[in-house]
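There are two complexes below, and they share chain A, which is joined by chain B in the first and by chain C in the second.
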Partner chain A sequence: MTTPTTSPAAASGKAPKGRAPSSPLPTGRPRGGRSRIRRQLPVSPWLFAAPGLLVAGAFSLYPFLSTVANSFTDRRTLLPGRFVGLDNYREMLGDEMFWIGLRNSTLYVLGVVPALVVLPLLLALLVEKQIPGITFFRSAFYTPVVASIVVVGLIWVWLLDERGLVNSVLEVVGAGPVGFLSDQWLLLLSAMTVTVWKGLGYYMIIYLAALGNVPRELHEAASVDGAGPVRRFLTVTLPAVRSTMVLVAALSSVAAFKVFSEVYLMAGPGGGPAGEDTTLVMLVQRTGTGLSGRVGYSAAISVVVFAVTVALMLLVLRADRKEDA
Partner chain B sequence: MRIPRRTARRTVATAAALAVVLPLSACGGASGGGGGADASGKVEGSITFQTWNLRANFKPYFTGLIAEFEKKHPGTEVKWVDQPAEGYADKLSADAAGGTLPDVVNVSPDLLAPLAKAGLALDLDQAAAKYEKEYLPGAWAGHRIPGLEGTYAFPWYLNTGPLFYNKRLFEEAGLDAEKPPTTYDELFEQSLRIAGKSKGRIATLASIPTIEDFGRYGVPLMNEEGTAFTFNDAKGVELLTRYKELYDAKALDPQALTATPESSGKKFLTQAVAMNPGSALDLEKFRKQAPALYENIGITEQISNTGKDNMYVMGVMVNARTEHTPAAVAFAHFVTDAPRQMEFAKQVAIFPSTAGSLDDPYFTKEDGTDATRVRIAAAESLKTAVNYTPVLMSEQMKTELRNAVARALQGKESPKEALDNAVKACNRLLKQS
Partner chain C sequence: MSRREGRAERPGAGVAAPDRRRNRVTGRRSGRRMPGWEIVLRYVALLAVLALTVGPFLWQLSTSLKGPHEDIFASPPAFLPEQPTFDNYVRVAETIPVWDYALNSLTVAVVNVVANCTGAALAGYALARLRYRGRRAATLAFILAMLVPVEGIIIALFTTMRGLGLNDTLAGVVLPLSVSALNVLLMRNAFLNLPYEVEEAAFVDGANVWQRFARIALPSVKGTLAVVAILAFMGAWDDFLWPLIVLSDPQNFTLTIGLNYLHGTFADDERLVAAGTIIAVLPLIVLFACLQRYFFRGVGEGAVKG
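Up next is the complex of A and B:
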């Protein structure tokens, strides 16, 4: 839906050429007019923003620029580095472990994001109802979100161990043991399951807020027209929470591409058998830390992670805009 | 007050350029060799001493030791900091890179190597050569770094461990529980027997071979100059081939490819595997946490084809950039001298690296307890033990080897291919270090 405009120029988003219309309100501008204002920046807003900008600069911008700069050096943790141009990026292209990391991080996005977009919505629909005791269920589903990822990882390792609870049950029915923690692909799938399980509650809360904003009259109108629950969900609820789904997709895809803890805890510091479950962020950690860390190379991988996450965000937002159009 | 837009733009551009350039300018530290500061001055000043996960259990020992040193050297003050075991290397690297490395630091030889290369460890051959004769020659030499002149840390405590085994599991497989394997051939043979008898339910080992295993098998790990790894020779390939047989027969736990020392220990505790390395401290853990295992526990020497056990070495280095070199050197020596090491050894299952200390009756006289039996056996084995881990082998190189071993065990590469690739990768990392 577009906002009604008063003139073709405004509707086209272009300002009319020529002299700007004078404002009917007193502006208190200094002499010299608009051109002078364009050349100068008022200080007061910057002073207000300064603390935030300083913090952001020190803890976000500087590390970011520093990482980009380091990616063009052969710097190590303790030894001096020198400018090596694109050598780190060239090395990365020939590094098998980089491609393994890129593959796993991408698979993680593909495996986790659809589940985290759909399942929390279904969960939110379940706990949305105002019935006695529903708060308990909402809290219960939210518990994994606040649980420490280390604790969560350990619990799942115990569950999925060759002699863990899951395999004990599978063995009773003659289907086990399954190598959840020893097979390359099952390990990745297990880690994805943990990510989804831990993220369900978080995104459920976001969806609950969105569902609360869906006008009740629309549901009532659809009911009057004879729409059943599924039809109402598809024609009323889903369009109403679509932008929230895009938000969840964007947030979860960035988080999934940057996955570290779940895989690290379940696959071990080596990244699973032969490092086959290594993700890109694990590779950043492995190559860049420690006394012999290759800071330059690790920084180059970080830059790639940054570029891909930005691309992912843009992709999701672009898809959203296309839907709007 | 208003800032002209051009000025604002320039300011932002300059800030951005500085942000890019400053990190590059930081890439200009010292390199190669340690400092050669004079340690002959007056012992005075305030120094910091960092230990590695020792405060929780040994606080009284260290506070007493520090008080004794301060009393002996009036005008000195020692501030003790302790770091947790987890991420110790990361903490050291952050301190070293940030210029906040303590004056006296507890290190292992592999952590010492990069610090010495960066010029952060004091060369004791220059600053404190007079103390060399107080230590076991092998222990002193253990803190020399190939490619660098000098010795970069005082030897501190040594450790080695027996191999624990589950007698019940050996008996169930029809093996003599009183005759556990001592060589790799015996180990492989008995492991296959246990796996066969239990139809793959009981593995004998829970972890894949590490560089120490290659060493104990008799594989040459590095060339003499310390410029290239050599563990891909015929013996190395043979060891890996035998391990693959174990893996295929489930005599090596299927989760061994992703195991950590902690997870392997837990498998042994739950009697899912028949053997696991450990130390005398583990006996108490078994007694408390797994009484059923404790009843059947067997203790034997490390498996070795060379006749020499693996030894872990701890050292105490002095920061080459300390402002109080005499005090730091004096304290590092004080912590590691014979009386202090002996006192420490009596509080925990470690062994002194000072000359003659292992002949003390504490390490030679039986009293009938298991703990003493383990201690005496370990002390005996230490006389010939070797630190098989090359000091130049970084964590990344260990990861390369671990991944290569896993690829071979899974059959993705032949043992020869896997080890050749690992050696190639490790040599590349060695050149870059």
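Up next is the complex of A and C:
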């Protein structure tokens, strides 16, 4: 491989530092892990991890802690704020906008998750077989995932416009123009459709990996026993991808509850007619930004978003364990 | 892609890969042929899904090419432009500095790729291969960081950035993404899957930790590194919520924010918005089409290994 830089490096490398045994070879009692390579310079491992740890600390963990801390203050964008206890949370309970946001984010989970658990699996089954051109189809189905959410949002705004493609096709059929983007509920439904459309390819790939791991002997044994394709799907494929379905359910429900861009782009910053389509993260963004942004109150809503996503995750994983028993 | 994985010549990746030979045409794992009607049915379904997933992009492309005197609201809709023109692309550049925005996006994306590949590889190696006090704590820190949803900390992130004096700068856009915890853990898994023997041999030969990392370990995880690079590029190029919050001066906008601005301000001409979106999405589609082989293989490996 490389020409060994002999004595100096080796000497410093093998200098017994504290408890670290000097030999890299198995010494009889491998402590802890598989690694038999001992440290050389006590400082270098931290040099390796330092950039990553700095970013993770400064831009994930610290903002998280400060969000929780801010939620107990009346901090504003340009004012430091003081401790107000649970006032923000109390105010939230009486805030109509908060309940609208909670309702919409919850509806989003209920609408999007079942579709994203089932449809990508069907899609994965469709592209699983190695037939000519399948690689092209796989990548093409992935295009919506690659595209920016802004591009996707603007494309669909144009498609669903009062005079857009979908409505002109509907008019040819004889159905009048449908206000996909003006009716409160249709707007939410349209945004969900866009989320599902954009997510199909992503989850398809996850399922595809899982399907590749189904032992072919099981399929063969089942067909020898005379099981048709549907039967084989139910008895062989489905149990094999069940844990993947749970994973997809967990990932997509957490993502759906935190929905921002789709609704923001389709409904506008104000959240559609009378703000009725506002989601919780839209509310976080709207209340927390600007010169008079209520950082404290916005942080309290964020804490609710954290709590619900953690709860959703636990709920899905728990449902999985129950079925196992 | 699991089929490709079997053939992948990646050290470590093929170690546990079971035999995955399949019939080249039918794709059956055993030798049976797929009946003709099933093949036809499959292609019909594939084409239908193709129309659904790619159709909207083509419609947008078509709109962006339609001339100023064409009725873009016609019913029944016309799919091909009658007087195809690139004029809309010129006009969108006159309306907003779309090429400056594209350059901003490109800068952010490229810096993000370099930072993520470097930072995640270094940290991943430290987590997987080095022993030191606090390694578990470091791993835990990355796992926690990965679990923190960016949507929930966005305002605190904004105030942190303001404290650093980086609001409304491209550095402020790129920094929070610059070493994603997910990428660190991906790299960690890749390094964990490498056999130890080669590194041990190098150790015996006196290679120090940097040499082992740079010359032995890193070249062996190119596949995962490629995935990290693609994810980093797409993530930065496509990001919307964070740039929307951190950027305020239109001069510094990235393409996604610029497009939203274009849409909000000049929504009356759908041709312009369409041209803008095509400018934003085309480079990514081309990039992805070129790299999809590595991407699907790498993602498949990651998913298989858990």
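In this section, the second predicted complex is superposed on the first by the 270 of 325 C-alpha atoms of A that agree within 3 Å, B and C clash if a C-alpha of one lies under 4 Å from a C-alpha of the other, contacts with A are read in each partner's own complex, and residues count from 1 in each chain.
Here, contacts are C-beta pairs under 8 Å (C-beta built on N, C-alpha and C of every residue); 3 or more make two chains touch, one makes a residue touch a chain.
From a predicted model like this one, the values you see are computed outputs, not experimental measurements.
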| item | value |
| --- | --- |
| First (chain B), second (chain C), both or neither touched by A:Ser253 | neither |
| First, second, both or neither for A:Ala267, with chain B first and chain C second | first |
| Residues of chain A touched, compared between chain B and chain C (which is higher) | C |
| Which superposed partner A:Phe83 touches (first chain B, second chain C, both, neither) | first |
| Partner chain(s) touched by A:Val55 [first = chain B, second = chain C, both, neither] | second |
| Which of chain B and chain C A:Gly293 touches, first, second, both or neither | both |
| Chain B versus chain C as contact partner of A:Arg163, first or second or both or neither | both |
| Which of chain B and chain C A:Thr73 touches, first, second, both or neither | first |
| Touching partner for A:Leu187 - first (chain B), second (chain C), both, neither | first |
| Which superposed partner A:Thr195 touches (first chain B, second chain C, both, neither) | neither |
| Those residues of chain A which chain B touches in one complex and chain C touches in the other | 38-42, 46, 57, 61-62, 66, 70, 77, 161, 163, 268, 289, 293 |
| In the complex with chain B, residue positions of chain A that touch it | 38-43, 46, 57, 61-62, 65-66, 68-70, 73-83, 161-163, 179, 181-182, 187, 267-270, 272-275, 286-287, 289-294 |
| Complex contacts: residues of chain C adjacent to chain A | 1-3, 5, 20, 22-30, 34, 39, 42-43, 45-46, 49-50, 52-54, 56-57, 59-60, 63, 73-77, 115, 118-120, 122-123, 125-127, 129-132, 134-135, 138, 141-142, 144-146, 148-149, 151-160, 175-176, 178-179, 181, 184, 196, 198-211, 213, 215-216, 234, 237-241, 244-245, 255-257, 259-260, 263-264, 270, 273-274, 276-277, 280-281, 284-285, 288-289, 292, 296, 299-300, 303-304 |
| Chain A to chain C touching residues, read off their complex | 1-2, 4-7, 9-10, 12-13, 20, 24-25, 32-42, 44-46, 48-49, 51-64, 66-67, 70, 77, 123, 126-132, 134-135, 137-144, 146-151, 154-159, 161, 163-165, 167-169, 171-172, 197, 200-201, 205-206, 208-213, 216, 219-220, 254, 258, 260-261, 265, 268, 281, 284-285, 288-289, 293, 295, 298-299, 302-303, 305-306, 309 |
| Parts of chain B lying in touch with chain A, wherever the complex brings them together | 1-6, 8, 15-16, 19-24, 27-29, 31, 89-90, 92-93, 96-97, 111, 114-115, 117-118, 120, 253-255, 257-260, 263, 270, 272, 394-396, 399, 402-404, 406-407, 410, 412, 429, 432-433 |
